[in-house]
Amino acid sequence: MKLGLIGLGKMGYNLALNLMDNGHEVVATDVNDQQVQNIAQDGASPADSIRSLIDNLESPRTIWMMVPAGDITEQVLSELKPLLDEGDRVIDGGNSNYKHTLRRAEELQELGLFYFDVGTSGGTDGARNGACYMIGGDETEFRKIESIFADTAIESGYHFAGRAGSGHFLKMVHNGIEYGMMQAIGEGFDILEKSPFDYNYEQVANVWNNGSVIRSWLMELTENAFSKDAKLDDIRGVMNSSGEGKWTVESALDFELAAPVITMSLMMRYRSQEDDTFTGKVVAALRNEFGGHAVVKK
Amino acid sequence: MKLGLIGLGKMGYNLALNLMDNGHEVVATDVNDQQVQNIAQDGASPADSIRSLIDNLESPRTIWMMVPAGDITEQVLSELKPLLDEGDRVIDGGNSNYKHTLRRAEELQELGLFYFDVGTSGGTDGARNGACYMIGGDETEFRKIESIFADTAIESGYHFAGRAGSGHFLKMVHNGIEYGMMQAIGEGFDILEKSPFDYNYEQVANVWNNGSVIRSWLMELTENAFSKDAKLDDIRGVMNSSGEGKWTVESALDFELAAPVITMSLMMRYRSQEDDTFTGKVVAALRNEFGGHAVVKK
Amino acid sequence: MKLGLIGLGKMGYNLALNLMDNGHEVVATDVNDQQVQNIAQDGASPADSIRSLIDNLESPRTIWMMVPAGDITEQVLSELKPLLDEGDRVIDGGNSNYKHTLRRAEELQELGLFYFDVGTSGGTDGARNGACYMIGGDETEFRKIESIFADTAIESGYHFAGRAGSGHFLKMVHNGIEYGMMQAIGEGFDILEKSPFDYNYEQVANVWNNGSVIRSWLMELTENAFSKDAKLDDIRGVMNSSGEGKWTVESALDFELAAPVITMSLMMRYRSQEDDTFTGKVVAALRNEFGGHAVVKK
Amino acid sequence: MKLGLIGLGKMGYNLALNLMDNGHEVVATDVNDQQVQNIAQDGASPADSIRSLIDNLESPRTIWMMVPAGDITEQVLSELKPLLDEGDRVIDGGNSNYKHTLRRAEELQELGLFYFDVGTSGGTDGARNGACYMIGGDETEFRKIESIFADTAIESGYHFAGRAGSGHFLKMVHNGIEYGMMQAIGEGFDILEKSPFDYNYEQVANVWNNGSVIRSWLMELTENAFSKDAKLDDIRGVMNSSGEGKWTVESALDFELAAPVITMSLMMRYRSQEDDTFTGKVVAALRNEFGGHAVVKK
């Protein structure tokens, strides 16, 4: 089918190629003109603006947004809304907070528009060769556009999860689990690193990927990473994060649920972003106060 | 090659079949006579005692122990040591604490014996159809018996990790990572369960196994579990543990290493084994003392 | 000075008595008429409605709200706003979320009103005999009404912390620390309870209150609690919470700050409110899948 | 009464002065001759060796060891044992691991000696002016020497806790609680530090010490620390530890008990001792692998 794609970053560009490989017709736009020209050469219909993209599609239109969550998604939607016609469909393929999705879906519904929240996993490689989609929205309408997900996902790699919000929520929790798994793997290798033994981490990850209980794609990526830099000597252990882990923890708090592992995996990321902590200063000062324990001067 | 196998439990019995499938000759014994008779019908040479097993092997013998870690392993070793000849090899395929392994390897070395610690992953199915081995011991001697591991492991599923102790240590850390991953998965589904959405967990696990970042064998098992009992209504969330997680945390403490995720995954298991906690009583009593907050009476 | 007091619950009633003991004139109202009649007998001017309370005060009025945070505070403020005159002062003595306080202070400022957020600690006994106040708002205006805080606080027991919001924020963090301290105390006694020794907890708490590093009011309360019920046999360890702990953790997340101890103390409260967990069910099911470990049936 | 004191460090020297102030006669020795000369000038009988100290006391002797736990305590005991007579008493005033105490008490009992484990809190100032003692050992024998504890403790500041080991165990748990409380306080001030408000921490600690729920000696020390360095700008947040926290966590593990707050307070200390972590490197490398997220190069 023919659809519009807004956003040609790492994920969006690959998705465009993937869609076209599977016979879909893509009208694409981006704030970066160069990317629009590139995708035109790769076979898409270029659009120099959102208005132009809309004009190049017939109602009921299908518009896939692949832009950063937050302000940019909000802004693109503001621009889109007055241009769309009743019955048009908007897909949010970004990692939006599900609470925003609930609000947006309602706003669009009042305009007679359909909103789909599509959590996308699998990284940039997945976007190109077979992604994993978690989809929320109106089910009847979903069936009409199902092919664009079915065709660009890996086999069995898409799931209609229910009403609007359920897709982004599912992706959020997916990322929360991912945080926990990654921290568990990291801690495991840290224990090996401090052990009295002398392990070859690439080989360790390799054997763990062959028949062990913890075999997983993340362990394959671990193997890849160690194959390039045997002890990760070249990088610092700064663990950034982009929102979903925080939202997962906030959801746990909202539901009054103990989720210590996902929470600690997030908090250790925050800790890694600081060279020193005020917490530590207070504790060090206290130890000095009551026991005369030496403090480390700056 | 011909080898002795001590222990015909879930793991040992399957390993015996696996070894024989791959052309190895197995002399087997167990405290349970019935199991010995069964494995004899399946093609092994039965031995009604450890002494008889030793007598049925020629030096340099290879003896694979597949018995529970701790007292039983200790006892089997005590029985074995006076019966063995210099150059014989003993394999500990159980989940022994690596500190015990370090001591035992030294004790056997003084007797001119070779000790191999072989952490085994993949569960009972792995033992039967392709296990994952993490192996420590003398490398030269290891190469002489490598075939029994290579033949019974899944492809690329064994790793010689270094000197004695390194195999069990690696398996211990593997299990620590496993604890963290499992708790992360559990917490994720708990957040789904408390969410305002209505998910089909089997389908969720299925889509997460197809292209997502968290695809893994544990997620496949999650899918299996939900396929049998859609909401796990039939079981209680009591999470037992068998030692390796505890040792992993103790190792982290010994190395003065923060491993919060593995640690919390262990502690939540302990928490799940209690209906009520004394910690909770104290906190509830304190809230009542200062704020007059009601306590829940028994 | 003369002031209005809205809310005659456990805290408000005691505060009214405290204010009057210190020579202040109190006009008081509450949704519960009986409480209004009681406080009238204790010397306050009763008001049967907020309007009547306002009518009994001359501008610039000082109105102290001692009502539950959240909807009720919101509702009282809605009722108050149209009745007040420029220059009037409203004190929120409840445990309001500081983000609400920031919004409300702005709304009142636009009306020419002064808003003070006063976090109050010390429990009901403190409200009666000497509370601890953490105060945010306009400093010049604060100095005009300082006496009502100075007189009803314990000596040195009030602190002007800065602009609006800073008082409730400080109280929130105070409660977060309180959560952590209480959980630490609870865990300590739990370790004693599971130890091979046979301790008398009241005496333990007593010695810890005399010269030890952890001597504290909370430990005194612990001693009290054990003096009434030596092993806390009569109560269940259900740890409820009322918001400030959650907000403290949410603030830590907002600031991208690792606060594991305050966070875990909150999450263990949530855990204590559940008899069983879905997390636990998933982990138990997984252990059964890969290792054949028995699950506990319901 | 007359007693021997081994160890004239910060704690032991102050204890000697305290004992003499209260009319006790002290024979003192230390590996540092200067300290022995100093305490002689302060009124004690100097002994240039443990043998000489023993010779200056009549059986049944009372010997108080105030030396570092671990190897030094072990060594002093080895030296003492052959020199003592049946019925003599040895007091271990250090922070020994209670498992060592259990072993040592048994060894001494076989020699007809009495062993007392005395956990001592209150810091160096407590040792001088009134300590807090948690005491294990034989109760009948304890009553004979009770005065040395009663006289040097703060009022109500000593507790006979039960059989040998119970004193050190109690002190260990005391320190575990202390870790949790300190980390809670540290995290609280860290949240203030990152907040949009501008607090004066000394004043904050002061108001929290006057009437609030979290008033405590640790909060008084916090106030002291901030009075000297308003933002703790001069020190680094490196939090060292000396064993008891680790043993507390190990005890929780041995008892299969969830003690997340004490545990996390310990692990955050370990974290503070590292500039960078291998855990962090692994997680950062993984994020780069699947999402192309930038890593921080060294």
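A, B, C and D are the chain letters, set down in written order, and residue numbers restart from 1 in every chain.
Rule of thumb we're sticking to: a residue touches a chain if its C-beta (ideal position, glycine included) is under 8 Å from a C-beta of that chain, and two chains touch if they have at least 3 such contacts.
These numbers come from a predicted model, not from an experiment.
Look at the CA centroids: the one farthest from the centroid of chain A belongs to D.
The best fit of Cα atoms from chain C onto chain D calls for a rotation angle of 180°, in steps of 5.
If you average the CA atoms of chain A and of chain B, the two centres end up 34 Å from each other.
Centres computed as Cα averages put chain B at a distance of 39 Å from chain D. Chain centres here are Cα averages; for chain B and chain C they lie 48 Å apart. In chain A, 123, 183, 185, 187, 190, 194, 213, 217-218, 252, 257-260, 264, 267-268, 271, 277, 279, 290 are the positions where the chain touches two or more neighbouring chains simultaneously. The touch graph of the protein chains shown is complete. Only residues 10, 123-124, 182-183, 185-187, 189-190, 193-194, 217-218, 221-222, 224-225, 229, 232-240, 260, 264, 268-269, 271-272, 275-293, 295-298 of chain A touch chain D when the two sit together in their complex.
Note for the complex: chain B touches chain A at residues 121-123, 126, 130-134, 136, 153-159, 161-163, 165-166, 169-170, 173-181, 183-185, 187-188, 190-192, 194-199, 203-204, 206-219, 248, 251-252, 255, 257-262, 264-265, 267-268.
For chain B in complex with chain D, the touching residues are 213, 246, 249-250, 252-253, 256-260, 263-264, 266-268, 270-271, 273-274, 277, 279, 290.
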